Amino acid sequence: MKKDFPILSTVLPNGKKIIYLDNAATTQKPLSVIERISNFYKFQNANVARSSHYLGEQTTIAYNGARKTVADFINASEDEIIFTSGTTESINMIAYGWGDANISEGDEIVVMTSEHHSDFVPWQQLAIRKKGKFKVTPLNADGTINMNEFKKSVTSKTKIVACAKMTNSFGVINPVEEIGKITHDKGAVFVVDGAQSVPSMPTDVKEMDADFLSFSGHKMLAPMGIGVLYAKKSIIKELEPFLTGGGMIDEVKTEFTTFACAPDRYEAGTPNVEGAIGLASAIEYLEEIGMANVLEHEREILEYAYSKLAGVERVILYGPKNFEKRGGILSFNIKGIHPHDVAAVLNSNGVAIRSGHHCAQPILRFLNIDFMATARASFYIYNDKSDIDVLADAIEEAKRRF
Amino acid sequence: MKKDFPILSTVLPNGKKIIYLDNAATTQKPLSVIERISNFYKFQNANVARSSHYLGEQTTIAYNGARKTVADFINASEDEIIFTSGTTESINMIAYGWGDANISEGDEIVVMTSEHHSDFVPWQQLAIRKKGKFKVTPLNADGTINMNEFKKSVTSKTKIVACAKMTNSFGVINPVEEIGKITHDKGAVFVVDGAQSVPSMPTDVKEMDADFLSFSGHKMLAPMGIGVLYAKKSIIKELEPFLTGGGMIDEVKTEFTTFACAPDRYEAGTPNVEGAIGLASAIEYLEEIGMANVLEHEREILEYAYSKLAGVERVILYGPKNFEKRGGILSFNIKGIHPHDVAAVLNSNGVAIRSGHHCAQPILRFLNIDFMATARASFYIYNDKSDIDVLADAIEEAKRRF
Amino acid sequence: MDDLSDLYAEVIMDHQRHPRNFGKLENFDREVQMTNSSCGDQISLQVKFENEKIKDLKFSGMGCAISMASASVMTEVMKGLSIEEARRFSDEFLEMVKAGKIPSDDLKDAKVFGGVYKYPMRVKCATLAWYALQKAIE
Amino acid sequence: MDDLSDLYAEVIMDHQRHPRNFGKLENFDREVQMTNSSCGDQISLQVKFENEKIKDLKFSGMGCAISMASASVMTEVMKGLSIEEARRFSDEFLEMVKAGKIPSDDLKDAKVFGGVYKYPMRVKCATLAWYALQKAIE
């Protein structure tokens, strides 16, 4: 598998082989995706849905095909798939495009303390704009959602509940089916952040009954600059166009503009065709493996890492002990060493991890974590147990140095 | 030159060699840019400004370097350069981020009838949102701005004037220096759409004294999904963050969020690093040629095309006769043939042009153009006069067929 | 003929040059105006019904060869059909042009638009008149 | 030492283990609190002036080795300097860390942070205390 990913053969200037364990931040790309991009620009490139010449037709067919691939991947239909620049833009599109029209003074928006800033700040800002109430659900000590507190916080005034299917800080898999049911029972809209989960496990929007689901290509083998917003057919009509301009209009007059149908209506400007077909190519690669196998593999690595590091002196491991509740992310700290320094020592051993707040300040503050930061190793399809052995040795070196 | 662009060797299924004359829609990519993208994913890829490991550092250095390349290219400084997904997003960012906070009932927004929908609809929608007045400046018969009318339309109530430096419909180069002066004399903000001009001529934001300038990578040899918003240092402080989420924050608390400094403040979520370095690579290619030479080359092709087609029976050419007022775009019609049919016949001869309203319905309606559509041939650095010969022959065939 | 023939078959060129049922009906039950703004195409369609059948119909408008010919062919195919048949035939036509589905022989001349499927940007041109018809018999 | 040495020079490790001027002043003229939220680093800096000079200064806070050592070194370099000199030296330090500019020998021990330039993500760690100082002498 590693041979499909040229970057995984990188040797650092100090001679160490790279061990890439920063997959929750972004994933590496297989040759098939890199070549799909090159071939697009070498043989196919044109603007889409505008120009009726040979390349224009080829590009439009490829772009429409990519939309179908994405739709099938999450069990949606094509006109429920909006291409965006990433999860962050997708969530902003909901907050502005649906939120601004549907939230008014006193309405409640409920999010979890464990949300990524991209699934936290847009809702908070919406609440501030519309004088709504922004409610943040407390967690249990292991970073899972306190479901009793959640149930109490959802009321008849709740209009939106936003929750990640998998958190990026600790890799917690949240019970979105249950959360969705509680949300819908109160008549609120259920918004799922799939940035971590869609790359790592099978996704079925019908099963999780999400009204909106967002995810990013770059976290699942695809190029940067492409993301997806799934909007359920029954709610997409309520989503107002947010970005306006070329390609999303029907008729433009001085006094008013009428807009095209979904999904064009939501894709203003020249779309990122490269990104869309790159994402489709990445999905093909993942389906070859099978998404259930991706999760199983991540868990296997996680369990191995967990068992190697649990009980090691000075090492603190975060997150639930029940692996069924986790994907391939392991957040940890070494007592008395700032995670940045841990990351630096690991890096000098070739091991690439992330240190810091992981765009998740609320959970770190809530759990009162030292330095408001952790070290985070995150695994993907191309990692194996020997990567974990190097990680564990490097952790020992960090302990010796500091 | 053509050999740098693999796609220009495309042979259509019918055996015809491709003649790509749809550059105003999107440009083709040189091998150097295609390889820069591949190499990024093969050797460098990581998330940016977040992860302090080797690849993370490399990527961050490359991303910061790309920002500097872009800044130098338009004579700006790095903290005035915001990366976006394209011109359309850039303009929306101004309309929401500056417009919503600064436009109130009765304020005026002035645009030209010749604006692209992406520089028209966001302003119109802003005016509708804020109960402002949306004024559309009339044109002369050749598609140039009626400057007398423009002067009359700018008043002390005018808050924003938006204008393309080069129009995409007819390729008219507008006198933005003069328009900017009139705008600033009235105390309004001057917003320049550079989507067509930045790829085709030298750009100096200080000289044109733009407060904001937008452009897209894909129209200047760079990948799709990347664009730029330049915001002058003196005004960027008034620009509110528009998209919120990861990477653009300082501190996230339940009650409020504080935001990072410019430009990070405006780049929410994982940025399109591939796009940014692809754009930098494209700029290097263009600077090798020299932007003054790009314009000169486009004009040479335009003049050749104009002289070949002027006076040809049934052919109508749009735009001013003074080539100093034009870039490399030639919009035309053949009497009695719908431009879609023209494009189809041209395509069967390998010639790729755009037909339709070019996201510029207002100008076509204003000038009362048949079918509300034109055929448009647009030229770039890799086109030569022999391309125009094929175009002219294909036009004759279209006349024979219809 | 050359490679343009799957888009501009002789039948299509003939209808484009000599559109059938072009103009206005004196007497009609339904009138539908429809535009395809992405092309600037416009159609106005008038239909006269009798005994659950399309007794007569005429169209006027402006657009490319494909859209004009498709409107002309549509009127020829539809004249005299029951509303039930009209619905089924137009569904078949739309499936053929949008998704490449092979139609039944019932579509007659309209089958020449089968090649449009390969030109996604021209699909809107070929379908406009047929959507207008569907609206008229709704 | 190995390749970590351009980031964690011996001097830096020493200051990290034994920070100088750590704590609170009984008596001070200016106090500055600063955070680097992207890392979670915090610093509190107190300065006592006399005759346009920095008579004494102390810091407290929390952060990574680079940020703590940089604060400690800063206090050593600054003690006794005129405000004018403090401004110039801190400018020099910032230029060195942010842009890789070679500093003058005036910077003394602070020169060991010259390697941070190659680690753009650690620049904020190394500069926090120096920005705090600049704020204190504003």
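Letters A, B, C and D name the chains as they come in the text, with residue numbers starting at 1 for each one.
By definition in this document, a contact is a pair of C-beta atoms (placed from the backbone, for glycine too) under 8 Å apart; a residue touches a chain by one contact, two chains touch by 3 or more.
Because the structure is a prediction, the values reported are computed rather than measured.
Setting chain A aside and leaving every other chain in place, the chains that still touch one another form one piece.
If you take chain B and chain C together, the chains in touch with both are A. Each chain gets a centre from the mean of its Cα atoms; for chain B and chain D, those two points are 45 Å apart. Taking each chain's centre as the mean of its C-alpha atoms, chain C lies 77 Å from chain D. Distance between chain centres (mean CA atoms), chain A to chain D: 37 Å.
Taken residue by residue, chain D touches two or more other chains at 37-38, 119, 122, whereas all remaining positions touch fewer. For chain B, the set of residues touching two or more other chains reads 13, 50-52, 56, 249, 251, 340, 344, 356, 361. Within the complex formed with chain B, the residues of chain D that make contact are 35, 37-38, 118-122. If you check the complex, the residues on chain C that touch chain B are 2-4, 7-8, 13, 16, 37-40, 62-66, 119, 122, 125. Here chain B touches chain D in the complex through residues 49-52, 56-57, 60-61, 64, 249-251, 258, 260, going by the rule given at the top.
On the chain B side of its complex with chain C, the touching residues are 13-14, 338-341, 344-345, 348, 356-357, 361, 364, 371-373, 401-402.
Residues 6-7, 10, 12-13, 18, 20, 22, 25-26, 28-29, 33-34, 37-38, 41-47, 50-56, 85-89, 91-92, 96, 116-122, 124-125, 128, 134, 136, 216, 218, 223-226, 243-247, 249, 251-254, 256-257, 268-275, 340, 343-344, 346-347, 350-356, 359, 361-362, 365 of chain A are the ones touching chain B in the complex.
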